[in-house]
Structure formats: structure tokens, C-alpha cells
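Each of the two complexes below includes chain A, the first together with chain B, the second together with chain C.
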Partner chain A sequence: MEAYTEKIREISERLLKDGTVEAVIGYRKGSVENSNEPCIVRSSEKINDLVWDSNCRINLANYLTNRKDKVAIIAKGCDSRNINTQIIENKIKRDQLFIIGVPCSGMTKKEDSSDLQENCKVCHHKNPVVYDELVAAEVEETKVDRYEDVKKIEAMGVEEKWEFFKDLLEPCTRCYACKNACPLCYCPTCFVDESKPQWVGKGMDPIDVRTYHFLRAYHCAGRCTDCGACESACPQGINMRHFTKKLEKECFDQFAWEAGLNSEERPPLDTFKLDDPQTFIK
Partner chain B sequence: MKVIKIDKAKWASGVSSLQGTYKIIGPAVDGDAHNFKELAKGEEPDFNFLNTKLSPKSIVFPQSEKMLEYSVDENKEDHHIMKEVKKDYSPRAVVGIRPCDAKAINLVKMNFDTDDYKDPYWLKLYEATTFVGLACDKPCDSCFCTSTGCGPYNEEGLDILLKEDGASYVAKALTEKGETLLGAAGFSDAGDEAAFEAGKKDAEAKITSSVQTDKLKDFSTLDLYNADFWEDLSFACLNCGTCTFACPTCWCFDIQDEVKGKDGVRVRNWDSCMFPLFTMHTTGHNPRGTKEHRVRQRFMHKLKYFVDKYEKGIMCVGCGRCVNQCPVNIDIRKVCDVMNNHVPEPVK
Partner chain C sequence: MKELMEHMGIEPGRLQFSWISSAESTKFVDVVKDVTEKVKALGPNKNFVKEAS
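On to the complex of A and B.
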């Protein structure tokens, strides 16, 4: 990891000095155990703030939305796919970016630095899919069943599923860390904040809490890269990835689609093709 | 001030005997952490915790609280009349609240109980509650209460301060409410106050983290407001409500009418200055339109406006919840030190 940090600093310093970019978006060392803080570095004096280790959980693509300047960004496999998604969705232009790619061996849990995050355990795209320069040689990709947990829930009966989701969302305080950490959630006004009309109640009524989570997940269908930022951001330890992953699986099964692998192809729910599968029409 | 010694063997039955008179709210295991909840008959408060994940502020300031109810159905006699929702204000005791959280309730009281305005909902819950504190002999790494005008044995806001002392607890009754509760539980053996002095010294020595606040008052508001450090401090912020919801001193709320058919309730919900909607005007203009504005507001409120308005120090008790729970590791200790050590540009 130290070699990664050194290389990130070396590339960043060069880019800032030669004027390729105005700023570098990366991480600096956090103040509590197993934490780093996303940061923006504008001058070479601050280069040594930049670090890389297994606590770089937050998806930095989240900090690109609607930027006007030219920046360098440090990107793991998942971040790079979300950068592509932001490019497809006109939130940033490719020529505004210098992508410093980081082949990633996975991020660890904040509460247990010896355990990989759940999404990292089933990651199929550890290497950045788009980059201008890599900080190290690519790592080996692994193939595991990405959807074992989804299948377990699919196998449940209706009642059991309802109980499962009820328990899952019970600790939610509606702090919105999940949607705010998500690089897909960039609507100028989120539906939860709409007041004319107001779509969803703001209290702790379980129906409102569930409506928020279900709708948020649906908005991510075909766009989610399972970066795990939502889950890692949640102060209540809720695994809301159960929702987004189910939708990701549907998109994979129906359209052989994985989000953000290139910056040209629009997500399947954003397009219509005559040969789209129609098995859901009964 | 009465000091009582309670044999641990008699503790559970004493607390349990209160349950006819009081609802007992105590720390209990909740998922991967502890939180306060109403304990079932015979359930003991679980003191095997550092602090709860969420603060106990919700005991007097629920996250979502029905205030009034009404009907616009003209077939009903009392249509179009706002009526207070009937609620349970019977006596309750929070057993095991940490001194930082008790002080926080006192801070919040400055907002809900003023000469001009008394918040009936907050005050009724507050008055129904007896606060039984548990001194903090094992502070967390991120605790910094000793530099916020608080401390692991701080008594503000408490009716009783409890301390573990080997095979017993020592309880100091700090108010009449506290004495009444100890009497109702049948705890009457005399205890030794010296246990508190020694424990306090040891516990304070264990708190190594701190903030500097001495210069905050001397700055002009605009020197801090216009300072150049806010972009750097706010860059990572996601504008989620984690810090404000976890914070025992954050008191902001929003009022909403929830209507179904012809019946409605007026509800008060926690709100957060981190949310854009918090300051959105009906015109669509938002005076705090960027996350930098919102982050600045949160810290200026806690560390400057509050300091100037109340002259009671900062609006933070050093519990460390925001420090630990912030998904992007924004640390109020760092922000406070940056503000306190700011050197304003000389006037040209």
C-alpha cells in the first residue's frame, strides 16, 4: 500500500506542477482508526496529505458531479465504473478528468480491519476499466458467485421476505448517508426532499422509511456498480445493498448488463431496443 | 447531598421494584451496539457499554413526535379543532445515562425552556424523567469531554450519579427527584463520597483527546465565517444527517402535517442543518445553497454562535459520536482547533 501512496503522490505532483489538472481528488489520513477522509489537493505542498490503504471506502466519483474544472481523481475498479456512468449521464466530461487508476485488492470494514467489505468479497472488477495512468500492475480478477446472498432472499417465502426487509430497515434513522455517499444520487432535488408535492412522509413511520429505501434502490437499477459506499457510510450498519444487488442481478440476467464498463453504452433501463427481453409481460 | 451504597446483589431487585412507579429506560444491546430502550419487567440495564450509538436525547425529544391531531370531517362535532395528542407522561427513569449526555440535555433545555417560550412537549417529557447517570470509568478513544466543560463524573443535568465500586455501586443523590427514586428502590445504606473523588481523577486522566476553545469567543463572527479553511474542511462532507442525528446537543426540528382522508396529525421530526431542504425558501432560493455553507453553519452554530449567545462554552459535550460515525471522517476536534487557531487576515 505504501508503494501505491508513493506512486499516487508522484503522479499527482507531476500533474499539478505541469498544469495538467487544477486539483487532485483523493484521500488523506483519517483521525480515527480505520478511516480516511476524501480530500482535494490543489498545490504540491499538500501532496504528502494523499494516502492509499484499505480504508478508501467512499466512492470518489461522488465528488465529480457537475464539476467545471479539470481534476485528477484516484479510482478503484468500482470508482472507475461510476466515473463512466457520470460521463454517460453528462455529469462530467472525460476530457476534464485525469484518472489515476488503482488496481484494488478490496477495502476492509471500518469495524474490523481484517475483514473485507462484503461487496469487495464478490467484486469482479478490481481493476479500473478506464484510466489515464495506473499506480501499479493490474491485480488478478476473481470469479465468484456474485449473487449468492440475493438467491437466498429470492428463495424465501413472501412472509419471510417481508420480515427480513422489516428487520433490515428497522434501525434506519433516515440520515440519508446511503444516498449521499452514492455516486448515482445526484438529482438536484431528491424525491425525499420534494415538497410540491411531497412524495414521502418525513417521520419514522416504517412505510415512509421503506418507501425511501425501495425507491432509492429502483433509481439505481442498471446503474449501480456495487461499490459499497452506501453500506460503508451507514452509521447503523444496514446492508441496503440487498436491494441494489437484486436489481443488479435482474439487469445482468435480463440484459447481460454490468454498469459502467464503458462510457458509450447507456444503461438498459435508459434505452429501448426491439429485442429487449419481455419475459416480464405476462 | 446523600450518598448511598448499593450492593450489586441488591441492584437488580431494587431497579425492578421501581417498575411499578417508573418506566425504566436503560442501555441494552441493539444490533452491534448499545442503545437506550424501555426495559421489560425484570430486565436489567446493561452497563457493559462505553456509550450508546445514538444519544438518549430521543427520550425527551423523540425523532418523530405527534403534537396535535385534527379532523376536517364536518360530520364530526369537533371538526377543524386542533387537539393535543394524548401521550404518556408518567414517571420514567433513564438509568445509566453518561454524564456527557446528561449535560447535553441541559444544553438542549436552553432552547426548549426559555423565558419567552416553553416547549410543552419537550418539557413534559423532561419533567417526567429522572436522570440516573453512570460515571464513565472507561472513556472511548474519541471522548474529549474534559475540554468541553464536561467530564466523566460531571453532575450537570443528573438527578443521581452512580459509580461502580467493586461489588457495589455508590449513588450520589443530586436532587430531590434523585432522592425520591433511591428511596422508592429501597436503597438506603450510607455510602462514602470519597469514591467519587478518586474515580473522577482516574477517569479524567484516561481522556487524552481534547479541543481548544479558548479563543473562539474573541473572534469577530465574520473573521471565522469568511475564513479560507471552509472549503478544505467541508470537501468530504456528504451532507447526510449522521452527525446531527447522533449528536446529543442538536435540537433542530421540522413540523409537518400528515393527512389521511379527512384526518390529520401534526408531527414534529428531527431535522438537520446538513439537509438542503432545511433552509429552502418557498421561492426556491436557498440561502445555504452549497454543502460548504451547510458545514460552516453546523460548526459556527456549535462553536461560535452558541458560545456568543449563551456564554456557556461550546455546544458540544465531547461524546465523540459524530467523530466515530461520520462516514467521511469529518472530525469536530480538528474543526474546532482550526477555528480556534485561525489567524485572520489583517485589515488593509
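On to the complex of A and C.
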């Protein structure tokens, strides 16, 4: 990890000095324990702010949307896939980016630094799928069943499912940290903030809370890389990935699709193909 | 759409999709009959109902 930090600083300094980029988007030590925060370094004096360890949970692709400058960005496997998604969605151009790829062995839980985050335990893309320079040799990818938790819910009865999600969302205060941390949530006005028409109630009614969560998940369908930024940002410890992951599984099962693996192919819910499965429609 | 709704506890059969051309009157009738039947069998919707405040 130390070596990663050194290498990140070395590459960043070189890029800033020779004018390849105007800024480097990376991580610095956060103000609370076991958390790094995103930072944008514009001059070589600040290079030593940049760090790398297992607390880099935030997805930096979130800071690319609509940028006009040329930047370097530090990217784990998941970040790199979200960078591809931002490129597909015309939020940034590839030639504006210098991607510093970081082969990632997973981020730890903020409350327990000896345990990997749940999404990292089932990660299939630890290495960046797109980069200009890697800070270290690629790590070995693991193949595990990504959808064990989804299958557990699928096996429940109708009432049990309803109750499961009711309990899951009970602590939610609708602070919107999940959508603010999400690199897919870049709409200028989110549907929850619209007032004409008002799509969803703004209070704490459990139905409104649920509507917010499942609609947000739909907006991420076929785009979510399960980076876990939403869950790690949640002050209440809610695993809202139960929503996004179900849709991820559906996209994989029905369209053999994994989000952000390249910067050309548009996500399945964004395109029409004659052989799209149509069993849901009469 | 349907998958996630049913995943979080909406009864299978309550949410249905179809695409019917304006020329397909018999299909329209069939679908309406079928939907009505299925939804009647499920009874009134209890989930996703906001309690009056």
C-alpha cells in the first residue's frame, strides 16, 4: 500500500509538472478515522496529500461529470468502469483523461478495518478495465458467486420480501448521501427534488422512502458497477445495494451485460435489439 | 421493472405489461379479461398504499 502511494505521487507529480494535466483527482486522509476523502491536487506542492490504502471507498468517477479541464484520475476496477460509463454518456471525453489505474485488493469496512466491504468480497473486476498507466502489477481476479445475497431474497415469500425491505429501509433519514456519492447520479435536478410534477412525497412516509430507493435503483439499472460508494456513504449503515444488485443480476442474466467494460457499447436499457428477451410482455 | 417490484414484495401477477395495437381489438379484450381475473384473485392491494395522515 505504501508503494502504491509513492507511485501515485510520482506519476501525479510528473503529469502536473510536464503539463499533461491541470489537476489530479485522488484521495487524501479524511478528518475521521478509517476514511479517505476525495481531493483535487492542482500543484506539485500538494502532491504529498495524496494517499492510498484500504479506505479509498469513494468512487472518484463522481468528480468527472461535465468537467472541461484535462485531469488525471486514480481509478480502481470499479472507478474505471464508471469512467467508461461517464464517457458513454457524454459526460467527459476520453482524451481529457489520464487514468492512473490501481489494481485493487478491496476496500475494508469503515467500522472494521480487518474485514472487506461486502461488494469487494464478490468483486470480479479488481483491475482497472481502462488506464493509461498502472501503479503496480495487476492482481489476480477471483470468481465467486456474485449474487448469493440476491438469491436469498428471491427465495423468500411475497410478504417476507416486503418485510425484508421494510426493515432494511427503516433507519433511512433520506439524507441522500447515497445518491450524492453515486457516480451515476448526476442529473441537475433529481426526481426526488422535482416539484412540477412532484414524483414522490418528500417526507418520511415509508412508502415514499421505498419509492426513492427503488426508483434510484432503476435509474442505475445496467449502469451500476456495484462500487459500493452508496453503502459506504450511508451514515445509517443501510445496504441499499440490495436494490441495485438485483437489477445488476437481471441485466447479467437477460442481456449478459456488465456495466462499463468498454467505452463504446451503450447499456442494454438504453438500446433496442431484435433479440431482446420479451417474456415480460403480453 | 417487473423483476425488482416483485423482488421487493409486490405479488407476481399484480404488475403486468402488454403492447396492443389499435387494430388488435380482440387481443385488447383478452388482455383486459386476463388482467382483471388475475388482479381479482389477488384481492385489494395492501402494499404501496400510503396511510392517510
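We adopt the following convention: the second predicted complex is superposed on the first by the 281 of 282 C-alpha atoms of A that agree within 3 Å, B and C clash if a C-alpha of one lies under 4 Å from a C-alpha of the other, contacts with A are read in each partner's own complex, and residues count from 1 in each chain.
By definition in this document, a residue touches a chain if its C-beta (ideal position, glycine included) is under 8 Å from a C-beta of that chain, and two chains touch if they have at least 3 such contacts.
Note that the structure is a prediction, hence the values are computed from the model and not measured.
*Asks:* Specify the partner with more touching residues on chain A, choosing between chain B and chain C.
*Replies:* B
*Asks:* In the overlaid three-chain picture, which partner chain does A:175 touch, first (chain B) or second (chain C), both, or neither?
*Replies:* A:175 contacts chain B only, not chain C.
*Asks:* Considering only touches as defined above, state whether A:40 meets chain B (first), chain C (second), both or neither.
*Replies:* The answer is first: A:40 touches chain B but not chain C.
*Asks:* Taking the superposition as given, does A:161 touch the first partner, chain B, the second, chain C, both, or neither?
*Replies:* second
*Asks:* Who does A:201 touch here: chain B (first), chain C (second), both, or neither?
*Replies:* both
*Asks:* Figure out whether A:32 sits in contact with chain B (first) or chain C (second), or with both, or with neither.
*Replies:* First partner only, chain B.
*Asks:* Just which bits of chain A does chain B share with chain C as contact spots?
*Replies:* In chain A, residues 201, 205 are touched by chain B and also by chain C.
*Asks:* What does chain B use to touch chain A in their complex?
*Replies:* Touching chain A: residues 30-32, 53-54, 63-64, 141-142, 231-232, 235-236, 238-242, 245-246, 254, 256, 258, 267, 269, 272, 275-277, 280, 323-325, 327-331, 333-334 of chain B.
*Asks:* Which of the residues in chain A end up touching chain C in this complex?
*Replies:* So the residues of chain A touching chain C come out as 150, 153-154, 158-165, 201, 205, 207-208, 210, 214, 217-218, 243, 246-247, 250, 280-282.
*Asks:* So in the complex, which bits of chain A are touching chain B?
*Replies:* 30-33, 35-40, 58, 62-63, 111, 171, 173-177, 180-181, 189, 193, 195, 201-205, 232-237
*Asks:* Report the residues of chain C in contact with chain A in the complex, numbered from low to high.
*Replies:* For this pair, the touching residues of chain C are 1-12, 16-19, 31, 34, 47-51, 53.
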